[in-house]
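Multiple structures are listed underneath, in C-alpha cells.
Both of the next two complexes hold chain A, though its partner changes from chain B to chain C.
The block that comes next holds the complex of A and B.
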C-alpha cells in the first residue's frame, strides 16, 4: 500500500516535470515575444528589460532557472501586471475555481448515482425514458449553451419572483455558486447516469443478488445494500478524469457567469500573451490533475478491497 | 394423422436444383452481421440518416443556396426568420428642424410615421422640465421597475420638445420615454412614454442598388417592396444565417471528422507498433503516451493554438487540427495496444504463423480487421468531442479566425444578443447539438453492433 502510493507519487512528479517541460517548449515556440508592445523601445531599454526578465540567457539556462524556480514553488512575476506574482494570482483565483469544481463534482456524482439507480429500477418504464432522454440532451448540448440557458433561467426566475432570488453572475455567497456549479456538473452527471445505469443493470443479474433474493431479503435492502453499493464502484473510478474535465472545463462557466476563477484568468492571460501566467497556470493545473487522479486511485483501493494496489 | 401412402412418383429422382444443400440462413461475414444488427437499431439508423443529411447539407447546400456568407444585408440586421420582410419605399433622408411647442396639452406623439429611417418624437412642454428632457428607448415595456432602457440623448432647452432617433433602428416595437430634467439636470418624476411600431423603410436608390426592383421600372415612394429572403434570418452584421451555417458546418464537420480520423490513425499505428514489438520499447512508448494523456487538454489546445499562430488571411483551421491530433492520439493507442496484445495470444494467430504467414500478412489480415470494430466505435465517439472542442475554442475566441464562420464562433456572436435576437444563438447551437446527438447515438449503435464485449446492457 505505502509502496504503491510512493511509486505513484514519484510517477506523478515525473509527469509534472514532463508537463512543465512541454509548456516551456511550447511557450518558446510561440511567435512574437513578451517584450513586444505598442510602444517602440530603444535597444538599450530592451536590453535592460531582457536582463531584468532573464531573457538574455541562452535557452538551456532559462530552462534550468525555470525548473529551479518551479522546484521551489516559484512561478515568477506576471508580464502584464506590474509587480504581481503568479503565485499570488493562483492563490487568489484558484480557490474560486476549486470551490466551483468541487460543488460541480458533488452535484454530478450524487445526481449521476441517483438518476442512474432510478433508471435501472424503472427500466424500460416512463421514468427511465424521461431520464435517459434528458441524459442524451445533457451530453449533446455544448456547455456554453447550457450556461447561457442557465443564466436565462435565472433571469426569468428573478423576473417571476419580482425580487433577486439568485444572483445572475458574480461570486461570493453560496447563492452565487448554486446554478454555475449545476451547469458545470451537468454533462458529467449525464455520463455518470449512463454509467451507473449500465452498472446497476449488470449487477441485477449477478449471483449475489440472486442469492440475496433466495434468502428472502426485503427488496429495498437488496437494492441499497447489495446493488447500489456494488454499482457505485465503477462510478468512483471515473471520478478522477471527471474532476479533471470539470476543473478545466470551468472556463466557459466562469466566463458566462463572470466568476473570478483561474480559468477565466487563464483565458485573459492567453489573450494578453502573459507568458509567466500562462506557464504557471498550465503547470499548476497539470500538477493538480495528476495528483487528483492518483488520489482517486488510492481511495479506490480503500473502497473496493478486491482491488490490490500494486 | 392420415397415414401417407407411398405413391410411385415419390420414387423419381430429384431435379438437379433441388439436390443442392440448402442452409437455414445465409452465411454472414462479420461486417454483414454488424450491418444487420445496426439496421435493426432504429435509433442508430435514424442518426445515420441524420449524419448523411448533415454531410449533404454541408457539401451541396451552398450550391442550392448560393448566398455569400460574408455578404451584409444592411436592410435586415439581426432579423429573425419570422420577421416581416416588407419595406415601404420612402424619400431620401432630409434633415428635420423640429417643432417648437409651447402648449402643455396633448401627449408624447410621433411627428411622422415611424420607420427604420428615423423616428421623430414630439411632446408637450412639461412643467417640471426646467432643465430640459432626457429621451430613452427600450425594447421591453417599462414596467414597475422603471427600466427606461437605452438613453438616446438630451434636449437641454425646455421649449425644444422634439427628438429624432436614428440610432440603429429595427423594424420592431420600441418603448420611448421622455423624462423631464430639473435645473441641475437630474431626472424628475414627470415622465411620458410611447409605444412605437417601427416599419422597414428603404429609399429608391437603395432598392435599385440591392436589386430589389428592375432599373427600368423604379419603385415609387409609398410602394411596398419585399426585401431579400433569409430563410433562417440574419446575424448582427446582416449576414445570411443559412449560408453561414452551411459554411460553418464545413469547418465544424471538417474538424469533427478529420481530426478524429487522423489521430485515431496515429493512435492505431503507434499502439499497434508498441503492442507488436513489445518489451522495453513498448514500455517506453506507453510511458510517453501516459505523459501526453496527463497534459491538461484544453490548456494545451490553447497553447498550441498560439504556438502555431494564425497568419493574416488564414482561417486557423489547420493549427487547430494539428493541435488536436497531437494531444488526442494516446487514448486510441492504448486501446489498440491492448487489443493487439490480446489478439497476439489467440490461437488463430499461432495457426496462421504455423502455416507460414509473414508478420505483415498477420498484421494486415488478422490484427487490423479484428481491431477494426473497436477503432470504428472510437472514431464515432471521438467526433462529438472534437466538435465540442472546436466549438469551445471558437466560443472563447481561440478558434477559427473571423470572418470564417464556424458553429462555435456563431454561438459566441449569438450569445451576446441572446435576449433580444435569440435566433442567432439557437440555430448554431441546435446544429451542434443535433450533430453531437447523431454521432453519439450512431456510436452507441455501432458499439452494440460491432463489439460484443462492450455491448450495452439494454
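The block that comes next holds the complex of A and C.
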C-alpha cells in the first residue's frame, strides 16, 4: 500500500508539473498585453513595468525562473493587486473556498446517499417520483440561476418574517455558510442521488442480498451492512471529481453571495491577464485536485476489500 | 440468475416490514447526518469565520453606514492608483492641498490658501493638518509624494500628471534626477510649485489623488508594502481604515486627527460586501444591508414597485465609435466616415438598444457636465445638430469608392468589448450600416486584448470610451491631438493641434473655451469619431442616508459629508 501511495504521489507531482507548464504556455499564447491600461504610458515607464514583473526576459527564461520559484513555493506578486503576494492571496482566500466546498461536498454526499436510498426503497411510488423530478431539476438548472434564486428567496423570507432570519450575503458565521454551501452542492447532490439510486437497485437484485434475506438476517442489518455499504462505492469513486467540480464551480456562488473565496481571483485573473495569479491559482487548484483524487482512491481501497492497491 | 418477477399488485408483509425498518434506518441516518454537519459547521465557523457583527444599512446607534464596493481596491498607494475603486477609498481617507465641497466647488484642503499664476503656484498649508498618528502634515510630504509619482522606477500610470510641473516629463523619462522636479518645500508649511507651462486648471488638478501627500519616513518603514494593508498606510483624511479583510470588507472610521473633525458627521463607513454582481448588491439593498445600490435596467421595475427613491447622475464617461485614420485603412476616407455619420442616430441607440436609465445620446466629444466660462460648456457652445440623411450618405459612399479607388467597399472590422451590451450595439450597427451597403465584421475581445489591438492599430472602427482624469475640458480635448498616444486612430489635423496648444497654454477662460468650441466643431466636421452616449447611472439610497455626493471626476460616491437623518417619529 505504501508503494502504491508513493507511486501515485510521484505521478501526481508529474501531473502538477505538466499542468503548470501547459498553463504557462497557454497564458503566453493568448494575445493581449498584461500590462495594458487605457492610459498610454511612456516607454520608460513601460520598460520599468516589464522589468518589475520579469516580462523583459525571453519567454523560455521566464519559464525557468518561474519553475524555479515554484519549486521553492514562491508564486510571485500579483500584476493587478500591486504589493500583494500570490501566496498571501491563496493563503487568505483558499480556506474560505475550501470551507464552502467541503460543506457543499458533505451536503451533496449525505443528501445524495439519503435521497438515493429513499428512492430505491420506495421505487415507483410517490416519494420516488417526487425526488426524481427534483433531481432532474437539480441537474439541469445552472448554478448561477440556483444561486440568484436562492438569494432572492432569502430576501423574500427575511421580508416576510420581518426579522433577519438568514444573512443574504457575506461570510463569517454558520448562518452565512448555510445557504451558499447548499446551493453549491445542489447539482452534485442531484447527480449523486441518481447514482445511488441505480446502484441500490442493482444491489437489491444481487445474489448476496437475496441470500441474506433468505437466511433471515434482521432487515436493518441487511439494509445498512449489505445494501448501503455496497451501493455507496460508486458514490465514493465519483467523489474525487465531484470535489474538483465543486471547488472550481464555487466562483458563481462566491460572486452572488459576496464570499471572499479564491474562485473570484481564479476567474478574474484570466480576464486581467494577471500572469502570476493565473499560474498560482491554477497550479494550486491543480495540485489540490490531483491529490484529492489520489486520497479518494486510497480511501476506496479501504472501503472496498475487493480492490487491492498495487 | 433468474429475475425477480414483475411487481405484484400488493406486497407481502415481510417486504413491508423491510421497507418500514429500512425507512427508519434512513431517518436515523439523516438525523445523525444533520447533527454531524451542524457540529462540523460550528467547528469550521470557529476556524475560518470572522466575528461578523450584524450589519444594517444605517446604524443610528453606532452612527455608521454600510455600503458595498464592486471590487477590492487593487492597492492604495495614491501615486500609483489608476482605478475608481481605489480613488473612492483614497478620497475618504486622504486629503490633498485642495478638495471639493458638497456643492462640487473647490475648497481648501490641507492648504488653507494658495496663489496660482502662469509660471508658478504657492500653497500655504494649515498648521493643524495632521496624520492619523498625530504628526503634522508638512510640505515635505507633498514633495516626496509628487517626486515618487514622477519616478520612472515606480512606473505609475498617472506620472503624466506630473508633466505639468517643471521638468516633470524629463524626470518621468529618467533624464533628470527626482530632485529636479519643479516642487519644493520652502518651509514646513509652504509648498512652492514651478509649472512647465501656464495651466488654467492647476487648482483642479491638485485635487486629484496623484497629488495627495505621503510621509517619507513611514513609506520607507513599510519596506515595499506601502498601501498593501490597513496598517501599511497613514491617513490624513476625514476617515481612516481600521480593518481591511481583502476581498471581503473594509472598515473606515472617523479620523480624530483630521483638522476639521467636527465637520465629519459619520463615525464609520463600513464596506461590508465586495462583489461585482449588481444583482447581489441590489438584493443586499433590499435586505436593508447596504445604504445604496446601483440600478441596472432589469432592476428598475423592482425598485419602482418597492417605491425606492431612484436618483441619477452622469458618471463622466463618454462612449464613441473611433475610426482608424491610418493610410492603409478604408476609414481614412472622409466621405466614408461622413456617410456613416449621416446614418448614426445616437438617440435611437440610447432609447432602443442601450435602454439603460440615465444615458444621454452622444452629441459631442465634450460631455454635458464640463464647465465653460461661467455656465456649462455645452450651454455656452452647443454641439452641432445631428444630421440624418440616407440619400446624402449614399452619395458620399459613391464618392468614397472613387476616393479609395475600389468598386466595392471592403468589409470593416468593428472591434468591441465582450459585454452583452457591446454585442447588442455592434449588431445594431451592423444593420444600420448595411443600409449603406457596408459589411461590418464584429471582433469581440476582452478588455486587455481590445486595448492591445487598439494600440497595434488592428481595427477599422472600435467602440471605445474615455473617462475624465481631471475636471477640465482638456482631458477630453487633447485626446485627438496628433501627439497623444491615446489617439489610437492617429487622426492628425494641424488646426486641431493648434487649438489644443491654446487650451493647454492659455489661462484666459474665454480663449480656452473658444478653442474647445473649435475642437468640437472640427470633430464633427471631420467625423473623427461618432459620439454614442454619455454614461449615466441610476441608483437607490436608504431614505435616512443624506449628504451623499456623486461626481463625474474625483472620488465617487463621496460620503465625506454624509450623515444619518434620525427618523422623526
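Note that in this section the second predicted complex is superposed on the first by the 308 of 310 C-alpha atoms of A that agree within 3 Å, B and C clash if a C-alpha of one lies under 4 Å from a C-alpha of the other, contacts with A are read in each partner's own complex, and residues count from 1 in each chain.
Keep this in mind: a residue touches a chain if its C-beta (ideal position, glycine included) is under 8 Å from a C-beta of that chain, and two chains touch if they have at least 3 such contacts.
What you are looking at is a predicted structure, and each value in this text was computed from that prediction instead of being measured.
In this superposed model built on chain A, chain B and chain C take up the same space, so to speak, and clash.
When the two complexes are overlaid on their common chain A, residue A:110 makes contact with chain C while staying clear of chain B. Applying the stated contact rule after C-alpha superposition, one finds that A:272 touches chain C and leaves chain B untouched.
Within the superposed three-chain model, A:219 lies in touch with chain C and out of touch with chain B [touch as defined at top].
In the superposition on chain A, contact is made by A:96 with chain C only, not with chain B. In the superposition on chain A, A:174 makes contact with chain C only, not with chain B.
Look at A:209: by the touch rule set out above, it reaches neither chain B nor chain C.
In the superposition on chain A, A:148 contacts both chain B and chain C. Of the two partner chains, neither chain B nor chain C is touched by A:9. In the overlay built on the shared chain, the residue A:285 is in contact with chain B alone; chain C does not reach it. Ranked by how many residues of chain A each touches, chain B and chain C are led by C. Chain B is struck by only one stretch of chain C after the chain A overlay, and of the options 163-171, 307-315 or 361-369 that stretch is 307-315. Residues 30-32, 148, 152, 155, 255-256, 271, 273 of chain A lie in contact with chain B in one complex and with chain C in the other.
Every residue of chain B that touches chain A in the complex is listed here, in rising order: 290-291, 294-300, 302-304, 306-307, 309, 384, 388, 391-392, 395-398, 408, 411-412, 415, 418-419, 425, 429, 432-434, 436-437, 440-441, 456-458. The part of chain A that touches chain B in the complex is made up of residues 15, 18-19, 22-23, 26-27, 29-32, 136-137, 139-145, 148, 152, 155, 198, 201-202, 244, 248-249, 251-252, 255-256, 266-267, 270-271, 273, 278, 281-282, 285-286, 289-290.
By the touch criterion stated above, chain C contacts chain A in their complex at residues 1, 3-4, 7, 17-19, 21-26, 29-30, 33, 37, 40-42, 44-45, 47-52, 54-55, 68, 72, 74-75, 77, 80, 82, 152-160, 172-174, 224-228, 245-249, 272-277, 279-280, 283-284, 286-287, 289, 445-449, 451-452, 455, 466, 469, 484-486. Only residues 30-34, 36-42, 44-46, 48-49, 52, 80-84, 89, 92-93, 95-96, 99, 102-103, 106-107, 110, 113-114, 117-118, 121-122, 124, 148, 151-152, 154-155, 158-159, 164, 167-174, 176-178, 205, 207, 213, 219-220, 222-224, 255-258, 260-261, 264-265, 271-273 of chain A touch chain C when the two sit together in their complex.
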